[in-house]
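Both of the next two complexes hold chain A, though its partner changes from chain B to chain C.
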Partner chain A sequence: MRSLTLKAGFISVLLFLIFIGAWHMATLPKESAGATGADAEYAALMGKGAEKSGGFPPPLEVGKAFVTYLSDPFYDRGPNDKGIAIQLGHSLARVGLGFFLAVLVAVPLGFAIGMSPLLYRAFDPFIQVLKPISPLAWMPLALYTLKDSNVSGIFVIFICSIWPMLINIAFGVASVRRDWINVARTLEVNPLRKAFLVILPAAAPTILTGMRISMGIAWLVIVAAEMLVGGTGIGYFVWNEWNNLALPNVIFAITMIGVVGMLLDMIFGRLQKLVTYRE
Partner chain B sequence: MSLHDPFDSTRAIARCNCGHHGSQAEHDASLQETEALNQRVLQTTVMRALFPEDGERRKFLSAVGASTAWAAISSLIPFGTLEAMAQEKGSLEKKDLKIGFIPITCASPWIMADPLGFYKKQGLNVSVVKTAGWALIRDKVQNREYDASHMLAPMPLAMSMGIGSNPMPINVATIQNTNGQAITLHVKHKDKRDPKMWKGFKFAVPFEYSMHNFLLRYYVAEHGLDPDKDIQIRVVPPPEMVANLRAGNLDGYLGPDPFNQRAVYDEVGFLHILSKELWDGHPCCSFGVPADFIKQNPNTFAALYRAILTAAAMARDPKNRSLMAEVLSPANYLNQPKTVLEQVLTGKYADGLGNVKNVPDRADFDPFPWYSMAVWILSQMKRWGYVKGEVRYKDIAEKVYLLTDARKRMAEIGMAAPKADYQKFKVMGKEFDFNKPDAYINSFAIKRS
Partner chain C sequence: MSGHFLQVEALQKVYPAQGGGTNAPVFEDIHFHIDRGEFVCIIGHSGCGKTTILNVLAGLEEATAGDAFMDGREVRGPSLDRGVVFQSHALMPWMSVLGNVAFAVKSKWPDWSKEKINEHCTGYLEMVGLGHAIHKKPAELSGGMKQRVGIARAFAIQPKMLLLDEPFGALDALTRGTIQDELLKIVQATHQTVFMITHDVDEAILLADKILLMSNGPHAKIAEIVEVTMPRDRTRAGIHHDPQYYLIRNHLVDFLVNRSKTYAGVEAEMFHDAKNPPVVRPGLEEERTPILKQVINH
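Our next item is the complex of A and B:
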């Protein structure tokens, strides 16, 4: 087992090195053909000779972006230029709040729907219609009615994370083993106790799966939402660097989005393991 | 000079802000006296106007009593408002302001006002917030997230009329910049300089209610192309124009700088024509303020006005342009290479075809909001079917564009303002008569109305 992890790690590193090497080879500076003959003034105005982003950036330039941003993650140079940690903080706060609100709504509703076949059927058509709507499609409506771009961002996170959670909770609650419910019934356990002591532990793994999926989606959506609304957050950072066509910084931001997304997923993975049981 | 040298050991140092009084309390008291005096002067003026004969006034007062007379007259004449207008430098109603901007060189003057401390000098704490697109600017102004905003010159007209949004009265305090736009084409079209060859091209403009849209339509229509049928015009936020041009999504755009020059710098486009060559001195963006903000915060608005105009005066001076390029370049503001901004602002630029050109007034920042500009914009909105039916051109222009205020504030800070309210000008060689906008529209072959 140990040697397997070691081997896998070795291969991972090798793959990474091959990837970087290939990237480096592919972006080696080409001989600039057009520069010869043109007069010097024109060339200067076109930024020739100066450091200039031509085509896809080589790995070294991206590495430089990593060093500059990670060495000073908390700087604040006015409302439109803040360090990467502050931007990620803003995004995480939005995701956290929207997700928390979704949990508040989805858990009681999911229990109610899961425990009552009648409600399940009654709610089903609404859930089926609302679920496939792209969360960003809500954005114009949210901006118009909520009259605040920040609240709209949180609303979009809320609306995108509620459906997977709701469906999973309802499913988990509905598919608790009949035997256990019947045992509870013969012991005349009251409904609240039944919900907390029998159904919740039994459905917990499914519920957490729903939450894990929701969190993944929320993190995907926040980047797009912030690119639309702007102001703060990692999505705004990507947009701002896109303005400047500064690809190294965009690649840096993409990597950060990936790393944070992975960390969020790992947290929910751990939680899931904690509540898993063997029958 | 009333303020003594604070390093002079033989004198007592001034105890208040102005140096005239022994203490700050005395200074404040005399300030209140000044305010009371102002009020008195105002009342006297009004009474004198109402009763040219002083005997009449006395008779009237003794007949009805002073308090009844006061109540009767103040119900007719808004003393409070008049006082607010008289007390120019009265206390600020709101000090922390949020102003939106799109990262383009049009916004230069009032972005510059931040690092240069023009807002602070007026006692304002302004944060200038970068925004992703014009639709978002519109929404954030309507949601009162922004107190005032950088807007395209036609936007306040459209918003006030309720076109493309709910009606909300927005005023244009100043024009923010003149000229400074261009038609950029993809490098693969270097041999298609004649607009007649543009059939099927995909163009971008920053917003429907923009000078860019109206100028592009005008330009292609003058060359016999119908902008609704022969070419495609899409709305693309300025910052995304270069990326779309590179990707081949667009054949060109009439966009704001620095994105024209940026396309040249990145070798994906060339400058086909500057907007200055279509209409020299055309407005582009404006300083848009909701009408109710002005009503609720007259003093803050006056202070903001002075700051913006000071910034415009600074930006008009060619000597400052290189410095501006340097200050605007970082990520907090325009986030562009300095050389690109410098080429836009100084007018010495590479055109993408191998030539270095020198057009010092490529971009200018004349703040004066001519009514005739608004009338032209309305005429184009009518021409292309954005507004239907009869348009009361001059009424709308005079309601939305604050020309009288601008003239007054410009005088306050010592800027020369034109005496006329309207002026004739030429667009692509064709004269526009602001008195006959409907006849102007009818003189075009290609139109929607």
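Our next item is the complex of A and C:
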């Protein structure tokens, strides 16, 4: 088992090095291509032309961006120049708040829908229609009604994380083993105790699965939402750096989005393990 | 109302058919009674509705017609007065063994302190020989141990009646024997009133005072009531030395193999009174053929 982890780690590092190597080779400056007279003149006219490389940034340049940003993640120099940790913090705060609101709505509603076959059927058409709507499609409505770009971002996160949660909670609650419900019935357990001590723990693994999916989607959506509404956040950062044509920074930000997304998923993976029971 | 502890009258269950309409009743005209402190087993082929009868008594299912009264009150919905041991043990896997029993005890006595509940539960878990495993999770226990927890949970709420739905059906023969012995001891000590479903003829003879024999479904009825006339202090080791044992056993097997089919439909109506199914005591030889006698008497 240990040696397997070790081997896998070794191969991962190897793959990474091959990738960086290939990237480096592909972005090497082309020999003497810029030496023709007309181009040199043009370059001189453009001023900074001499240092401009062929296009896609080489790994070394991106590495420099990593070092610059990670060495000082918390600086704040006005609205368009903030440290990466502050940008990620803004995004995480939006995701956290939207997700939390979704939990507040989805848990009781999911319980009600899961416990009552009547409500299950009554709500089903709405859920089925609302679920496939891209969360960004809500943005104009949100901006018009809420009149605040920040609140609209939170609303978009709320609306995109609620459906997977709602569906999983309802399903988890509805498929609690009949035997356990019968035990609770023969013991005349009151509804509140039954909900918290029998149904909730029985459905917890399914509920956490729903939350994990929701969190994944919310993190996907926040980047797009922030590109749209602007101001702060990692999505806005990416868009801003694109407008600056600073591709190394864009690549850096993309990597950060991936890392934070992975960490979020790991947290929910842990929580899931915590509530999973062995039969 | 008669003075019996549990009285079942004219119970019938009809399940709706698949494409609307109704099927033939699974069972009908079920009459029987259980006195306080009696251990009653019910035997019959699969599909005769034994589990449905038990669920009706537990209050988990409703009969289509007929009534059940316990202690002078009609059985309506589940109640803490009736403890149920489920076929599949039905322990909550996220609770410890102690937690499972404590959940039941707390439901019965919500005002008890934590210490009192734990002490009470530990006592019952020790009674079924699980004193050493109270902090384990059900997943860490063997099938037999899980079923013991289920029995401890049912006994711990001190119900007026215990309902056992084939509790040992999923266990291997050796484990089954040990737990039967334990159950026998506990029941003899507590004089618990028990209604139990079983497929195992030997188990029924070992444990029961009365055995209800059900005919095959649909239209299943209680065909006979067999009284186990052997003394109450039976043991699994000694029971087969009793001369009555084989007489009773042969009678039961005979019924299941040959006669369980004939107590439904037209034939049954000719010679069978479902309200007062014949009580037989095959252990005492002179009464071995009561049905023929009854027919002659009519």
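Please note the rule applied: the second predicted complex is superposed on the first by the 263 of 279 C-alpha atoms of A that agree within 3 Å, B and C clash if a C-alpha of one lies under 4 Å from a C-alpha of the other, contacts with A are read in each partner's own complex, and residues count from 1 in each chain.
Rule of thumb we're sticking to: a residue touches a chain if its C-beta (ideal position, glycine included) is under 8 Å from a C-beta of that chain, and two chains touch if they have at least 3 such contacts.
Values in this document were obtained by computation on a predicted structure and should not be read as measured data.
More residues of chain A lie in touch with B than with the remaining chain of the pair chain B and chain C.
With both structures placed on the common chain, the touch criterion links A:240 to chain B but leaves chain C unconnected. Once the two complexes are laid over each other on the shared chain, residue contacts for A:148 go to chain B alone; chain C is not touched. Look at A:277: by the touch rule set out above, it reaches chain C but stays clear of chain B. Contact with neither chain B nor chain C is seen for A:67 once the two complexes are overlaid on the shared chain.
By the touch criterion stated above, A:186 is placed in contact with chain C alone, chain B being left untouched.
Of the two partner chains placed by superposition, A:137 touches none, neither chain B nor chain C.
In the superposition on chain A, A:81 makes contact with chain B only, while chain C stays out of contact range. Of the residues of chain A, not a single one touches chain B in one of the two structures and chain C in the other.
Contact residues of chain B toward chain A in the complex are 103, 114, 127-132, 136, 139-140, 142-145, 239-240, 242-243, 262, 264-267, 330-333, 335-337, 339-340, 343, 348-350, 354-356. Taken together, the chain A residues at the contact with chain B in this complex read 34, 38-39, 41-42, 44-47, 50, 52-54, 77-81, 143-144, 147-149, 227-231, 239-246. Partner chain C is touched in their complex by these residues of chain A: 177, 179-180, 182-183, 185-189, 193, 197-198, 201-202, 204, 275, 277-279. For chain C in complex with chain A, the residues that touch the partner chain are 58-60, 77-80, 82-84, 86, 88, 90, 92-94, 103-104, 107-108, 137-139, 157.
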